[in-house]
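Chains here go by letter, A, B, C, D, E and F, matching the order in which they are written, and residues are numbered from 1 within each.
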């Protein structure tokens, strides 16, 4: 379930360069070869994400001999005050990497924590909470990983690996039928076709075309429940559109298979994590 | 006040590559040379940021003949339903760029809007709202620009262009005095020294060392007000630490010169902006 | 159906840098500002691919004022001696770009031509000729485009956008059923699952698991025909494994939906195209 | 004779990124920390190329603890069924890297094998088989290495490190004499001048100018033999133009010093190599 | 005081690629797996800079097992004939890296040596020798480090981390007062403002605006001394403009705090360092 | 004779990023959309190099509408006070680019001017002044161009495009004869072999091996003259080693064909060029 470190390193490099520019002038002026031990501590309850592949890796990229002690597993629930990571190494490395490491894991744990909250709300129901492409530009791989750590599933990753007709495609093309027809003649046969529907009539059109996934966009729960019944297993059903913690269970109870939530990634608040010397 | 487009393009390229990977298979299958007109619309009240340098530029990088009509000025307040940008061009370009453009400006307008809210709360007081390095990795230039669009000011950009002794530096070095002494012998003379203080005793030590900026970290307003009086113009004073919209005015009234708020960038919720065909 | 020029330019840059290194010393020593007109000519029958997006673009990236006259459409059949592209511009640009342009289009036209030959062989049958991931490293986007120009279809692009259990996956995991079960719990719901089968027993196991695409790997046509009958529309069927021009029609007649052919990209001989002054 | 691994790694990275994009979803879903042993096996007779620097390196770049057993030496002849490489390591690493490793070595061994075939045909004659710049864009360093592994020699690498007047240069400049004169005044004195000649008259002109290498382009063997006699050691002589396995010995017998063959790199079919679990 | 190796490696890679292009054909043809021991020797008196972070690192990046013996400390004075570095490793690595390593350290030691000469001239006076942005494009981090090794201090690094109004800014803006006013409203509060003054009147204007650093540009020493008295500790004072070894002490005696010298980096002659086998 | 702008732009981008980091805070705070006219003026006699391809291009890369008036031709001699370039455009662009443009052309004109001085000293003699690989890392293409602008010629560019046996190669290999023998069997036939000789005995060995270029390294002029006579046109002769303006003519008079001078690039002082508003 982990990320490919091969792909991750290049990104972490860039983030370090953004914060280091030509060097850390404070730390370089004050410290030389000193070593120290530090720990990352949860300052509020959270679901852990990225201790090994992100935080520890950030310090490793900055160099010097580092030893890691505790390392919270991805996906684990942590209480206020619990230790997420302990590391011993050069003071210069620890101080240079602190901000980048924290900026990343606070955001990732924030996403994992919010995802977990949604997943918990629908417990016991045969539904999956999934993310969207509404991720922070440049952080998609990391944020989609955080969603998985929170118990969610990933929707398509990019415009390349999934086919979705959205309202703007349908409007510009003229009709769902016409667009689906063009898709069938051109896309790889390994991909399903998903169509965003705003109305029961569009759902009917999708069923007529044999669309594999029907997204019910911004429908009220009654309409949604009717649509699910009408579809009756002939396509996967995905609910979408402004879904909140308060409303997610009601939506799940309509019988949809997936609930996709942009807010998992675009609006999850960062959780508070601190770095202290031991 | 605008960003350097020379520096911005490389980032926008990367964001587009993240979302496009090897191409937009849906759009490429459905459309050919069709053109259309679209508009970006505020779906909630917001402060505008990035219409020209970010949203319009994203479309330009994807190619084809584009014409832009309306373009909201950075920093302007917009109501629900107001148009932020209109653009005419190839359907393929508009659909490919839509998500990246929206992901960026929803976040940037979110930051500008939140900053503006803080700035409005302290109206009439001689204080500046400033940001921190708690930005999204990879988006610092854009997010710091959004803070300026919201009426805020920028603190140091990176570890390279500002000198700040934080609690971890002081603890590892032994004392403020010792650390400041080392700094004075090594840093460029063009930079001021800022020290994070948790206690009045530390403030005293800073004054004794001639520190140029004293940050009062997580102090209650009474202690803060005393510190301001004690400093009495001998250093710039910056308040920091978990500052909320509800508490910002009280903090400003202590007489500090700057209030730095990490939440401007690490936890501003994205605002809702939609793209529709005209 | 065209490629995203945004994504293509970076590659063309790299190819030019490979051939130019620090400059074209012959051309730079012999020529100054002279201009000339040149044409690219088919020296054997071929299917055209890449005149506009590749050959013309290579010259454009090298700079100077260029005018293009004729430009063969992608996918068109050309006879020996037919002109594919005419261009007028600086001699230095034309000579610098000649080899890179030719190396690319000779290969791409070679792939398009071979694909077209396969497609022609199965004319009239309800089957699609598709490619594989056996492309030249670094040229996948271009080579998969060439397959489309030859009338073929694209299979998955990379390890990211398609799910395929191959013999090595199955052997290492223990069974198809076990592997499919793990996939169902983790992969995006937008992707179908494809399984490579060497035996009728494996086909049965796939049907039992509800696999969406069954690949019949290196089976003889009799076994293949039986498998198609057994599957009976419950999954898409793909034939694969050492398929040649001579054998492709017999395979198509078994009733498979797709025939995937690695040789389209890994062994298509380059076609002969020359550049002459006009 | 080996390649510079410093220069190679960057290319291998790119090829892996092309095939991995955002990760190997099949392998990541099915496997966790399992290890396995695999071998690469020749499925047809071939000359080995790239086991250590390419195939093994691809797996190393993907990470994890790897142990390599057998590793065929570059340039060695292998029969069907012979093992080229054995490796033990994480299943995830082996499956992720399989396709990129195979795509590369099948192509490189193909080139080495074809080169060896040409070299064998001219055995006993004082002639060298050399390559050209007709390499696959992006793979020049690797393909020229494969030519060396097959017993061939390398011609110039790029437009930067060799001077060659081709028909288009001569036509655009007016005459060989004029072009050579300009070259003599400008190019580094470390480089020889080579001129492509289509006729005996051009050979005469080259001799009059003191050209160091004369290429006889697409001449019949009788004309070639006469040219060699006329040149009589005053310049190196290179034959070029559509040379096949069938014709190469007759050309070599004309007494030329070098035979350059574009087909070594542009049209060598990939050889068949498989990866199996042990 | 050392550089961030994380930031340095990317540069060293580029420099090696510039000199290696597609490989070292001489060394590759002549040597195979031989090892040897080499030393870098000062061929004239110099201040050492870069043995560990630059020269040794260049060899490490080229690969193979390397052992380093002596390594001169940065900032140490060395006489003709003294050894700066000893290294044992593959002949191929040592010969490939020789030129890049020497080109870099000859330049860096040259800068350190010249800086040391300036610093020695002002010994005993309360003044600092500082550099400028007149560095070699692409080498700023390295050259500014060499200045520190020679006992100098660094001025601002780039246009991003320091604020300086130069003659062209003042002329284009209209007046110092107007420009300083705009700066005060926009720049981070962590930065001091520096203004270049050509006349006593400009110095007065700076004092009136509360400018933190006043640069006296190209003034004669009498005028400079008067300015220092007039400023009287109300701002830091920096002398600049065509300062030579012969004139630096007289300038220092005027009482300025800093003397900035572009020639430290733009015109320091390379010192002679050789590499010999042991 | 000009550089390939395709290759140059990437370098200029990097140099601008080095100086701009995240933006020009002074200029951005003080100016908005103002335009101005500026000129670059020679402040000492010099040979011009890089006005169009470097200085003007730097401004172009920063954006905005620019108009160039005068532009000194590369290689032209200019007196103190002569205008090298005039440009009209946005104040922000002109101020941002000033330092990078000046840093580059001051260095390039410095090299061109020094080269011209050497070339002038040997006027009338049949000898060429050539450069070496002792260039500033990262600036080789530019610096070798500057040598050509000064009337010099270029030696090999990198380790890839020329074959030279230096003292360290010979010592490690055992003998010139042995090393040359290995080279003849492996290097491209398009390259000449050059050998560095310290003694007449080595010259003899080179002649016996048929080496194409003999470098006389650090010989006195008498020994050199004898060597030239002994070689007697059987190889090109190059003098090298610590050659100064004072000694160059005497060396030229020995009859050598080329004089290579590392100091052209490693120690040419920057010339003084200023930018003023018009």
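The rule is simple: a contact is a pair of C-beta atoms (placed from the backbone, for glycine too) under 8 Å apart; a residue touches a chain by one contact, two chains touch by 3 or more.
What you see is a predicted model; the values in this text were computed from it and never measured.
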| item | value |
| --- | --- |
| Contacts common to chain B and chain F (chain labels) | A, C, D, E |
| For chain D and chain E, chains touching each | A, B, C, F |
| Fitting chain A to chain D on CA atoms, where both chains share a sequence, rotation angle to nearest 5 degrees | 120 |
| Identity of the chain that, by mean CA position, is farthest from chain E | C |
| Reference interface B-F: repeating pair among A-C, A-B or D-E with over half of contacts shared | D-E |
| From chain F, the most remote chain by mean C-alpha position | A |
| Between chain D and chain C, distance of the C-alpha-averaged centres to the nearest whole Å | 22 |
| Distance from chain C to chain B - Cα centre to Cα centre, in angstrom | 45 |
| Chain centre separation (chain C, chain E; CA means) in Å | 52 |
| Numbers and ranges of chain C residues touching at least 2 other chains | 1, 20-24, 28, 96, 140, 157-158, 160-161, 163-164, 186, 188, 191 |
| Category of the chain touch graph - line, ring, star, complete, other | complete |
| List of chain A residues in touch with chain F within their complex | 21-22 |
| Interface residues, chain A side, partner chain E - complex | 16-17, 20-24, 28, 61-63, 96 |
| Complex contact set, residues of chain F against chain C | 1-7, 140-141, 157-158, 160-161 |
| Touching residues (chain side chain E, partner chain F) in the complex | 11, 14-15, 18-31, 34, 36, 38, 91, 94-96, 98-100, 102-104, 106-107, 133-140, 157-161, 163-165, 168-169, 171-173, 179, 182-183, 185-188, 191, 266-267, 269-270, 275-277 |
| Footprint of chain C on chain A - complex, ascending | 1, 128, 130, 153-157, 160-164, 186, 188-192, 194, 213, 236, 238, 257-258 |
